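Chain IDs A, B, C, D and E follow the sequence of writing; residue 1 opens each chain.
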Amino acid sequence: MVKNSLIFIVLIGFAVLLADLFVGFNGNTDLNILANHYAVSGPEEVGSANLVTAVVVTYRGLDTLGEVTILFLAAAIVSFLLKVEAGASRNRKLRSTSEILDTASRILVPVIFLFGIYVFINGHLSPGGGFQGGAIIASGLVLMLLAQPAKEVGHKLITLVESISGISFVLIGVAGVLFAAGFLDNKLLPLGTFGTIFSAGVIPVIYIFVGLKVGAELSGIITNLHENQNEA
Amino acid sequence: MINLIIAIVIGVLILIMAIIAVHHKNIVVGIIAAGVVSLFASILYLLLAAPDVAMTEAAIGSGLSTIIFFYVLNKIKRQNG
Amino acid sequence: MENLNLEIITLITGVILVLIGIWGLLTQKNLIKIVIGFTLFDTGIHIIMVSIGYVKNRTAPIIDQSVNINDVGNSVVDPVPQALVLTAIVIGLGVTALMLTYVLKMYQKRKSLEINNYNDLKW
Amino acid sequence: MNIDFNKLFFTFLGLMIVLNWGLLMSALMRKIGARVAKRYGIPWFQPWVDLVKNYAIRSQITHGVMFYLGPVFRLSGGVGLFLFMPMVFGSDLWTNFSFKGDLILILYFQFFGMLGMALGAGEGGQPHSFIGISRGLSQFTTIEVPMTLAVIAIAVQYQTLSISDIVAAQQGGIMNWTVFTNPFATAAAMLSVLGAFGHSPFNLVKAPNEIPIGPPTEYHGTYLGVLRTNAAILHVVEAVLFMNLFFGGATTWIELIVKSFLIYFWSVFVGMVFPRFRIEQSVAWFLKIPLILGIIAIILL
Amino acid sequence: MVGPIYIIAIALGTAFSLGFFKKANSNFSFAFMLFAMAFMTFISGQWLYAFLTQQQETIQIFTAGFKPPFSISLQMGLHESVFLSLINIIGLLAAIYLYDQLKEKGVQMMMIFVLLFMGLNVVIMTRDIFNLFVFLEIASIATAGLIILDKSINATSAGFKYIIATGIISGILLIGIIAIYYFAGSLFINDIIKLNLIYVKGGAVAVFLVLIAIILELKPFPANGWALDVYEAAHPGIGAVISAASASAGIFVLAKILPIVGDSGYYIIGLIGIITFLGSNLLGLKQDRANRLLGYSSIGQIGLLLTIIGLTPYLGDKTLFIAFGVLISHALAKAGLFWLAGIVNSEYIKGWAAIRRKPLLLVLMGTFIFALVGFPPFPSFFAKWELIMQLANNDKIIWLALILIGSFIEGIYLFRWFGYAIKEKNEDLPEFPIKLNKVIPVSIVAAGLYLIGYYTGLAIPEAAIINYIPLIFIVIIFALDFLPAYVKNSISILGLAYYSYTIIPAYFENDMLRFIFVVIFLIGGILTFIAGYAYKGKRRGFYPVALIMYVGLVQIIQAENLLQFFFGWELMTAGSYFLIIRGKKSMAHALSYMLFSMGGAYLILAGFALAQQGQMSLSLDVLNSISNNAFIIISLLMIGFLTKTATLGLHIWLPGAHGEAESDVSPMVSAILLKAGVFGLIILLISTIKNIETVSIVYILGWLGAITALIGNLGAAFQEDAKRLLAYSSIGQLGYIVFGLAMMTHLGWLTAFTYTINHFMYKAILFLTIGAVVLRVGTHNMYEMGGLIKKMPFAFIAVLIGIIALSGVPPLSGFTGKWLLYNAVILKGWYFQGAIAFFAGIIAFLYLFKLISSIFLGQLKDNHRNVKEISIWFIIPIYILIIGLMIFAAKPELILQPMGDIVAQYFPDGGLNWDGGLATTPIGNWHGTHIMIIVGVMFMLLLTWLVVLSRKAQKVKQFNIVYSGERPFTPETTHISYNIFAGYNKALGFLVMPWITNFWNFMSDIIHDTAGFVRRIYSGNGQTYLAHIIIYIVVVYFVFFN
C-alpha cells in the first residue's frame, strides 16, 4: 500500500509535468506553415485527395516504410518465439464449430477480403488506406480461423505476399531515387486526374503493397498465435 | 455544442472503462474494457475530424489488438487446464 | 464554457488516460493487466496527438465535395498529426503483440502471470 | 695514502696498551665482583693466562669458511674501532686514523664485528648461538636509539662530528665536560652503555645459565683467544668513546685509564645490583627511560 | 559514390527477401545477410573516406523529392559517417561472430539483425524528429527480438522488461514530439532548433520530454535496471551490439537533439552523466557475473560520455575529440569483451580463468581492459587526458575529481576481473571451443583500438612527439612469442642495448640527473634480462611486458611535456602490472598494486591538469610556475609519486607484489621500477623548489620518509618469507630516499641520490640472488632453508656483500649513504627524524642477519642435499653489480662529485668539500678510499694472524660440536630460524600492526557495502524498473524546472 501511495504521488508529479506541457494549449485556430503547405500544395504536388494519405505515403513515406518494418519485425519475432521446435507433436484435436458459423464465414471472408482491398486501393481518395485495409484483411482471416480452426493457413503464401510486397515497396522507393527526385518520390508515375482511382502517382501502388504487407504481417502474427493454440 | 457534450460523455466513458480495464479482477473483462476504450477513442477521432485515424483505431486498436489479447489469454488458460 | 473546446476535452481525456495507463503499468501484478495498462497509455497518447492537430470547425483533411478546392488551407484540420498517429497506432499494435507473445512465452516456461515471479535477474 | 711508519708504530703500541689494560680491567672487575659476593676471586693475571692458554691449544676444528672468519670479523671490528678512535687528546701520535672518519663511522663500525661474528657463529652446529645472536641483535638495536639521540645532541652542541673536535671543545675545566653541559644526553648515553657492555641486567645475550656454551665454547682454542683479545680491546675502546664524548677525553694515558675504568665500572656496578631482564623487557626499557632522556637532550638544544 | 539511402534499401530488401529462403539454405541466407551488412559498411566507409580525404561536403538527402520540412530528410556528414562506419563495422563483425546462432535460429533472426542495424543507421542520419522516433522504435523492437535469441526464461523475461520499458520511454518521446510539433509547427530538427522552444513555457517541457526520453534510452543510473537484466540475460553477441552499436547511436541522437535544448541542457546531461558514471561503476564493484558486470561498465562509460557532452561548454572544440576517444574505446573494447564472454562462456568472472588456456584471447582481453580504463596507447588515454586538462583549464575541479573517482572505481572491478582471468585456478573449469568466426571479430576490434589509438595520439601535438618505434619493437617481440625464451631474451637484450646506445651518451653529455636514472633503468634492465637466460621454455608474454615497462620508464625520463610523462608513467604501470601478476600467488597483490598505481596516476593527472591551468603550455616547465592552488597541486603530485615509492600509507601493495613476483622480476620491480617514483619526486621538487608551499609539504614528507624507513625495516624483521623480507626492506630504503629528498638541502639530495644508486645495486644483487636460490630450493620460506653456504658459495658471497652494503657497515658503499644522511640531518636540524632513520638503520641488521643466516647458515635441510649452485645466468649480473658496488665504495668521489654538481644546480650551498678522496662537511669528514684500505689491510693482517695460529684447523661435520658443552637432541632443532625475533616482536610489534592495511580494507569494505546496499534497487521486478523510469522523469523534471 505504501508502494501504491508512492506511485500515486509520482503520478501526480507526472500529471503536473503534463499539465505544464499543455497549460498553454487552447486549440488551434489555423494551420501552421507545414500543414498549410500540405493542404494547399499537397493536391498539386502529390495528387492525393486524402491529405493524410499524401502525408503518410509520400511526404513521410520513410516513416511508413519504417512502420511496416516494425510490423514485419513484430511478426518475425512472434513467429520466432512461437515456432514449434522440431520434434514437438502437432496433435490437433479441435472442437468443431457450428455449421452456421462455418457457412457464414465461407461467405463473409471473401467479402471482408474484398472490402479490405477496396479500402487500400481507395486510400488516396477516401478515408482508409494500407493499414486499415491490411487490418481488415487480417480480421477476415481471424473470422476464418474462428470458423475453421483446423484450417491450415498457407504460411508460404503469407510469407510470399509479405516479402514480395515489402521488396516492391523498397524497389519503388529506389526507383524514385533513380528515375525521379528522391526516395519514394511520388512522381514516378504520372499524377493523373485528381480524384480518380488512377491518380496520385505511385500512392495507390504503394498503398496496395502496404495493404498486402500489413495484412500479411498481421495474419502472420495471428496464425502463429493460432497454430500453437493446441500445443501445451 | 452537441459535439462537445458527446465528447464529454465519451471522455468520461473512456476513463471509466480505462479504470475498469486496469482494476477489474477478471482479465477478460479488462481486455474487453480496453477494447471499448479504443472503440470510444475512435469515436473521438471522428469528432476530431480524423476519419483515417478512427478507422485505424477501430480496426487495429479495438479489433485486432483485442483479438490478440484473447488468443494469448486463451492459450494461457488452455495450458493451465 | 467558452474555453472549453472539443480538443481540450479530448486532450484532457488523453492525458488522464495516459496517467491511468501508467497507474496500471505500475500497480498491476498480472502481466496481461500490465500490457492492458500499456495499451491504455498508448491510446491516451494517440488521443492527445489527434487533439493537437484539430482546428476548430474544420473538416477532415480529405478533399471531396465538402471542401472548396481553392480554400483547402482554411477548411481542413492538420493532416500531419493524423498521419503520425496512424503510424503510432500500427507501431503500438506491433509492440502490444510482442509484449503478449513474450508474456505467453514466459507463462509457458514458468506457469505464472505474476510479475513478481520473474525476479531471477537482479542486482 | 702515504704510509707513515712512525704513526703505524705508535698505533700498534697504543693497541697493545689498550689490550693489556683491557685484560687487566676485566680481571679487576671480576675480582671486585667476587669480593662483593664474599669470594676471593681470580688472580689479577688470570686473563693473560687464559689468553695464552687459548692461543696455545692445538686441536682445532672448523665448520666452514664463515665459521673461521667469524672471529676475524669480530677482532677486526674491535681493532677497527680502536683505529678510528682518537685515544689521547693533543697527541698526534695517539689519535690513530681518526682523521679518516668521524663519529658516524665509529657508530657504524661497531656493527662490523658483530655482524661477522653473528655469521660465523651461525655456521656452527650449535643452536644456542642463534638464540644468543637474535637476542643480541634485538637488544643492540634499541640500545643505539638513546645513544644516537645523545650523539646527535652533542654533535649539534659542538657543531661537529669529529671526536677530536668534540674532545677539544671540552677542554679547559671540568665544567666544560659534556656531562655537565649536556647532562641529559650523557644520562641517555650512560644508560645505553649498560647494554653495550652486556652486563646484567642486559646480559641475556650471553646469559651464563640459559646459553651456557654458545659461541664462546664452540669457538674454542685460538678462536676463543681471538675473541678474548677483542673483548679486552673493545671494552676499553668503548669506554674511551664515552670518555671522549662526555667526560672531556684524556690528555694522558693515565687519565684515559682512570676514566675508562670508572666508565666500565659503572656498568659492572649496575650489573651487580639489578637482576637480569628478559629480552623484550630490555628492549622496552631502552625505549623508555633512556629514550626519553635522549629526547629531552634534543629538545633542550 | 553509393548514396546513403541505399543503406536503407539494401537492408530492407535483404530483410524482406530473407523470407524466401528455407531453413535448409541457412548458409546461403546467412551469406546473403552478411553481404547486406558488408554493403552497408562499405557505403558508410566510403563516405567516411570521402569526408576524411576529399573534403566532401555534408550532404542532405531529401526523400519523396521534397525539401524539408515538407518531407523527411537525411543528412550525411563527417560525424554521421564516423558513427555509421563504427556501427556498421561492429554490425558486420557481430554478424560474423553470431554465425552459428543466426544460422541455427533461422532467417527470422537474420532479418531482425539486419533491421536493427538499418534502424540504427537511419536514426543517425535522419533529421526528422518523428522519423527518429519510428526508427528508434525499430531498433528497440529488433533489440527485443535479438534478446530472446536462446528463448530461455531469463532472456524472455529480460526481453519483456526491455520492451515494456522502451515502450514507456517511446511513449514519453512521442508526447514530447507531438508537443514540439504543436509549438514549432515542424518536425524538421533544423527548424526546431531555430525556434528556441526552451523559452516557451510548454515548449521547454516538450523539449525536456524528448531529451529525457533519449537520455532514458541511454540507460541512466538508477533508471536502468531493465537494461542491466538485458545485458545479463542476452547472448553476449547481442550484448556487444547493444552496448557498442546501439549506445553509440543513442549518444549520437542525444548530440543531434541537443541544439534543440540549447545550453541549459548541458547542465542536466552533465549531472545525469556523472551520477550514472559514478553510480554504475560503484555498483559494478559488487558484481561477480561477467555479462552483468559488462553491463555496469557499459552504462558507466555511457555516463562518462553524457558527462562529456554535458561539459561541452567547458571543453569547447575539444569535446568532439574527447567524446570520440572515449566512445571509440568503449564501443570497440566493450564489443570485444562481450564477444570474449561468448567465447569463454562462463557466468561468473572467476570462471574467466579458463581464458588463459588460449593466450591470444587473454591478450585480447587485456587490450580491452586497458583500453577501457584509459591506458596508453589507446584512444581513451588521450581523450581522458584532454578531458582532464580542459576541465582544469576551466576550473571545474569537482567534475575533474568525480570523473577520476569514477574511472578509478571502474578500474577496480575491471582489474579484479582481469586478475581472475590471469590467475584464478582454472583446472576444474570446462574447456571451451574456439571458433575462427568468433576470434576474428575480437581480434579486429583489438587491432582497431591500437590503430585508432595511434592516430588519436598524433592529433595531440604534445603526444605526437612520442617515439613509437620502441613500441613497434615490442609488437615484434610479441609476434615472436612462439620462440624459445633464450632467443627472445637475446633480442630483448640487444634491443635494450641499442636503445641505451642511442640515448645514454647524449644524457651523459647534457643531463647527469637523467643520465643516472636512464642508466639504472636501461643497464639495470639489461642485467636483469641476463638472468632471464636461466629460464627454460618459452616464458610466454614475459618479454613484451617487461619491455613495455622499460619503454615506459625511458619515456618518463625523456618526457619534455606533461603528457609524454604521463604516457610513460601509464605505460610503465601497465608493464609492471603484467610483470607482477606473473608470480604464482600474485593475483591479489597485482590488483592492489594496480589500484594504488591507478589512484596515484590519477592524482598525478589531476595535479598536472591543475598545474598547467592557465599556462597554455604542457611543457614540464609549467611546474616551475605554479601559483594558484600550489599546495594542492604539489600535494597531489607528491602523493601520486609516493604511491610508486611505497611510502607509508601507500605501501601495502609492495610486499606482496614484490615478494610473489618471479625471481628475475623482483629486481626489476624493486631495484628499478621504484626509482620511477623517485624520479618523479625529484622532477617535482626541482620544479617547485622555490614554491612557498613546498616548505611545509616537505616537512611532512620528511617525517613520512623517516617513519616509512622505520616501519619498512621493522616489518622486514618479522618476515619469514625471504622475498617479502626484501620487499619490506625496499619500503624502508625508499623511505630513506624520500627522507633525503625532503630535506631539500645539498647533502640531503646527495643522500637520496646515493641511496638511489645504492639501492639499485644492492637490492638487485639481493633479489637476484635470493630469487635464484628460491628457484633452486623451491620455497620462499627461510625456515625451510638453511646451510646453503656449502651448496652455493657464490650466492652466499653475493648476499654477504649485499647485506654489508645495505646495512651501511663500513667500508662498503652503504656507509656512504649513512654518513651523508647523518651529516645532512644534523645540518638540517631534523634530529628526531634523523634518530628514527638511524633506529631504522639498525633494525636493518635484524632482518639482514635473519636473511643470510636462515638461508645460508645453520643446518642443511634434507631435501636440499642435492641442490646446486645458483644458475650462472644469475651469477653474471650479480657479480657485475658487485663490481659496481665495490667501485662505488672504494672510489665514492667518482660518482659523488658529479652528483654533487647536479645537486649544486639546485642547492648550491652546503655541499661536500673534496680533498682527493676525503670528503668533508661543515661537521664531519670521511675518506672512503682510505677507510676501505685500512679495514682491508687490518682484516687481512688479522686473518693471517689467525691462519698462522690455527692453520691446521680440521674441517668437521656440522654436528661435530663436541667442544660445545651440550649436544642438541635432534638435528632438526639445531637451526633456529622461525620467528627468531619473537622477543623483539613482543616489545615493538605494535608498531607494525597492520593499521594501514586495516584502514584500506575498511575503506574498501565501506565502498563495497555501499554498493551492495544501493544495488538492491535493482530488485529484478520489471515493474519496479518502470517505476524507476517514471520517478526518474518526475524527479529530473522537478529538479531542473522548479
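To be clear about the criterion, a residue touches a chain if its C-beta (ideal position, glycine included) is under 8 Å from a C-beta of that chain, and two chains touch if they have at least 3 such contacts.
These figures come from a predicted structure and were not determined experimentally.
Counting only chains that touch, the fewest steps needed to get from chain D to chain E is 1. Think of the whole protein's Cα atoms as having one middle point; the chain whose own Cα middle lies nearest to it is E. The chain pair sharing the most C-beta contacts is D-E.
Taking the mean of the C-alpha atoms as each chain's centre, chain B and chain C sit 10 Å apart.
Chain A and chain D have Cα centroids lying 106 Å from one another. Averaged C-alpha coordinates give centres for chain C and chain E that are 51 Å from one another. One inter-chain figure worth recording: chain A and chain C are separated by 16 Å, centre to centre, where each centre is the mean of the chain's CA atoms. Looking at chain B, residues 50-53, 56, 60, 64, 68, 72, 75, 79 sit in touch with two or more other chains. Counting only residues that touch two or more partner chains, chain E has 130, 134, 137, 141, 144-145, 148, 151, 156, 175, 179, 182, 187, 1027, 1030. Across the assembly, chain D contributes no residue that touches 2 or more other chains.
By the definition given earlier, chain contacts exist for A-B, A-C, A-E, B-C, C-E, D-E. On the chain C side of its complex with chain A, the touching residues are 3, 5-8, 11, 15, 18-19, 22-23, 26-27, 52-56, 60-64, 69, 72-74, 76, 78-80, 82-84, 86-87, 89-91, 93-95, 97-98, 101-102, 104-105. The touching residues of chain E, when paired with chain D in their complex, are 789-790, 793, 796, 800, 803-804, 807-810, 815, 818-819, 822-823, 825-826, 829, 831-832, 834-835, 838-839, 842-843, 845-846, 848-850, 852-853, 857-859, 918, 922-927, 929-931, 933-935, 938-939, 942-943, 945-946, 949-950, 952-961, 963-966, 968, 973-977, 980-981, 983-984, 986-988. Residues 18, 22, 25-26, 29, 31, 34-35, 38, 41-42, 45, 48-49, 52, 80-81, 84, 87-88, 91, 94-95, 98-99, 102-103, 105-106, 109-110, 115-116, 118-123 of chain C are the ones touching chain E in the complex. Chain contact summary for the complex, chain B toward chain A: residues 50-56, 59-60, 63-64, 67-68, 71-72, 74-75, 78-79. Taken in their complex, chain C has these residues touching chain B: 4-7, 9-10, 12-13, 16-17, 20-21, 23-24, 27-28, 30, 32-33, 35-37, 39-40, 43, 46-47, 50-51, 53-54, 58-62, 76-77, 82, 85-86, 89-90, 92-93, 96-97, 100-101, 103-104, 107-108, 111, 113.
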